[in-house]
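After this come two complexes, each holding chain A, first together with chain B and then together with chain C.
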Partner chain A sequence: MTLRVAHYLNQFFAGIGGEEVADRPPQSHEGPIGPGNLLASLLGPDGTVVSTLVCGDAFFNETAEEAHAAVADWLRDTGPELVVAGPAFAAGRYGVACAHVCRIADELGIPAVTALHPENPGRLTYPKAYAVPAGRTAASMKDALEAIVQLGRLLAAGDAPGPAEVEGYLPRGIRRPGHRAKPGAERAVEMLVAKLRGEPFLTEIPIDAYDAVAPAPPVADVSRVTLGLVTTGAIVPMGNPDRLKRASETRWSTYPLASRDELTADDYECVHGGFFNMIACENPNFVLPLDAVRALEREGAIGRLADFYCCTSGNDQRLADCARNGREIASALEEAGVEAALLVAT
Partner chain B sequence: MGPESQSQIKAVADRFGTDDLVVVLGAADPEALEVAAETVTTGDPAYAGPLAGVSLGLPVVHILEPEVKEQVDPEVYSEQVGLLELTLDTDAVQTAMRKLRHEGGE
Partner chain C sequence: MVSALPPIALQAGGNRVVKGVKIEHVCGDPSLGPTGDAALRRHIVERCLEALATPVTTPTLFEVASTEEAAR
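Coming up: the complex of A and B.
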């Protein structure tokens, strides 16, 4: 009997299009689509991609309840023995959608597997999902699907996979009791000796790369503070003087705001590559709300606005760069006497 | 590379053949370049567009490479590419292209 596989894809990988059709509601199709054809050939005669659910990334993330219900209905109707979501690579919203699909499949008792770049935020959405590591882009499609098929077969057979480091999937933060050849004290000393000698060693308790950021204490009296504006929405002076990149930017920039009451489309533009930025180019205040903050300043609701803003392209950035940029921006604001910052959602 | 671009390239290759066809890429990001180059040589790695499983084997160059630039009317180049040339990291693009062609066995 062949393995019945159901496959989840976003609008891009289904070949429908990019951001302009990301609001497509979920729709199921019989058989494989796009990368599902490669998945089908890797499964060989032992497996069949019986159905594909395609949903726009914007729809899945902005209309979550409806999207989740559609996934559950699709899985009940299709009755697969294995669910494959993605691969989503480093695509954030797609990764989150794939993680939800794995969660919903788990809740229905169906084995599920996805493939994510280790920094994909989908890993935080549902850490218990079985996700094999993928590269940042579709260039690693074949490797990712091969790993998916290998792990998927194991899960579908009802076998509990071994530890992440043995089976090759991304760690799920689950620890199980088991036997080791040597007691903990001996292993710890061996690791310490290796570390002191500069030799490679493998920690047994990896520190989670996503550390929690403690929120700043509340501002006591907003009407008396100097407020700083910060955006990851890549609003830059026209011509992009610092050549801020559309994606994968490692730097941040600062630009003056003094004597401006609002941002105009003649003087500013949006160079962010992660969303449809035409509307932000037409009215940059939608992303960096200088007009609204100036109104609050006039009303006396805030003390005063700092005479500059800080800016980066929050799109496909490395976590290490984000953390460093955050520290640098915070200290630049502090040096300028800013007491509170408004980081506007992109 | 989106399905629309893939479909246009495929149509051109079907009509004129692949012998005298070169693809001039414009993507700025080395990773996007890798995907675009693979799409028109070995086939769409994303398996999302018309070039999925279609190996055109077309040579790839980039609009920001000096060999390409010198073949374009300077006025047209300045009008169409000038701003991009100033904004993008041309060295990174040129390095990425050399690496891609090397890996492609050219």
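Coming up: the complex of A and C.
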């Protein structure tokens, strides 16, 4: 019995065209198309590409709900035993689409695999997707498809793949208990010795690298500036109306300040779960210094304070969420005419 | 930004970092009493305004006066 494989492609790799046809809605075709032919030959007699779904990258990303429903329908109609999406290489929208295809397949209980460049934003869309590493461009098509077939066979057979570093797929951010040959202390000392000797070593807990952000130019005249207040200290109106989480929050909130000269313990509370927050509950100005800012505004040291503040719970957040929240907060401030921001981090 | 942990804020790429007091009370100090605390908080916010008006090219720390000095 041969493995029934369904393949997802964007308009470009399906040979329809580039950006001018990126708004093409999803359409399924029997059998393989474009790179699907190479996929079919790599599968050999053990597998068949039974169907290919082609969708424009713009359509998939701009009409997400419709596209996701079409993918689910296609998978239900086709009934594959393995889904292959891409490879998407470093193409951002295509990578996001492939990640969604993997997610939808997972939800339907169908094993799925894609191939992405390690920096493809699709990795943030659905980190749990099984994605093998691909180069930036289609020059690495054959290598990527070979890796897809190898991992795909394993998944389709119902075998749980070993760790990412062993099987060669991109880390999915999942840690499982397991045995190592040596205890942690010995491994840590060996790593330190290797580092001191300038020898190669492999960290067991990779830390996300921070992007360098170019400093904003200085404010020419603070006494005329519109200032915005931001905090990661989870100061919220009493009762926490948006249910801001104590930790691992992915969102941010905004609350009015227009009629307030200070934050009082009756009206505000601190819901941050990463430090002893009673002091901030008793006097929220410790985290959002509204009383001092208002005094300086009255005295003319600041032009004007924006009539709202932005806040999140800066505790055990994913770097990707932090970066997105930062961008969203910056746009909200900019739209409100804010020229400089005071951020208090706890 | 105001941070009670400036080394982390600077490492993360914060370009204008004002040193806060403690994580639990970044902008102020309850042990100083209402008047001293208000003076300290005002001093921290003033340092933020100075930081905003200062050109920087890399992550830069803006110290604040000691708690007692600022509260005077």
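Here is the rule we use: the second predicted complex is superposed on the first by the 208 of 346 C-alpha atoms of A that agree within 3 Å, B and C clash if a C-alpha of one lies under 4 Å from a C-alpha of the other, contacts with A are read in each partner's own complex, and residues count from 1 in each chain.
Methods note: contacts are C-beta pairs under 8 Å (C-beta built on N, C-alpha and C of every residue); 3 or more make two chains touch, one makes a residue touch a chain.
Bear in mind that the values here come from a model prediction, so they are computed numbers and not experimental data.
S.K.: Between chain B (first) and chain C (second), which, if any, makes contact with A:Pro25: first, second, both or neither?
M.R.: Neither partner.
S.K.: Touching A:Gly79, do we find chain B (first), chain C (second), both, or neither?
M.R.: neither
S.K.: Between chain B and chain C, which makes contact with more of the residues in chain A?
M.R.: Partner touching more chain A residues in the overlay: C.
S.K.: Which partner chains sit in contact with A:Ala301 here, chain B, chain C, both or neither? Use first/second/both/neither.
M.R.: second
S.K.: Between chain B (first) and chain C (second), which, if any, makes contact with A:Gly233: first, second, both or neither?
M.R.: A:Gly233 sits against chain C, while chain B stays out of touch.
S.K.: Just chain B (first), just chain C (second), both, or neither: which does A:Gly162 touch?
M.R.: In the superposition, A:Gly162 contacts neither chain B nor chain C.
S.K.: Give one of first, second, both or neither to describe whether A:Pro218 is in contact with chain B, with chain C, with both, or with none.
M.R.: A:Pro218: touches chain C, not chain B.
S.K.: Would you tell me the residues on chain A in contact with chain B in one complex that are also in contact with chain C in the other?
M.R.: Looking at chain A, the two contact sets are disjoint.
S.K.: Quick check: in the complex, which residue numbers of chain B touch chain A?
M.R.: For this pair, the touching residues of chain B are 2-4, 28-29, 31-32, 34-35, 38, 44-49, 52-53, 83, 86-89.
S.K.: Per the contact definition, I'd like the list of chain C residues that touch chain A in the complex.
M.R.: Checking each residue of chain C against chain A gives 1-5, 9, 11-16, 20, 23-28, 30, 38, 41-42, 44-46, 48-49, 52-58.
S.K.: If you look only at chain A, which of its residues touch chain B in the complex?
M.R.: 12-18, 34-38, 136-142, 239-240, 243, 245-248
S.K.: What does chain A use to touch chain C in their complex?
M.R.: My answer: residues 210-213, 215-220, 222, 225, 233, 275-277, 279-280, 282-283, 285-289, 291-293, 295-296, 301-302, 340, 342-346.
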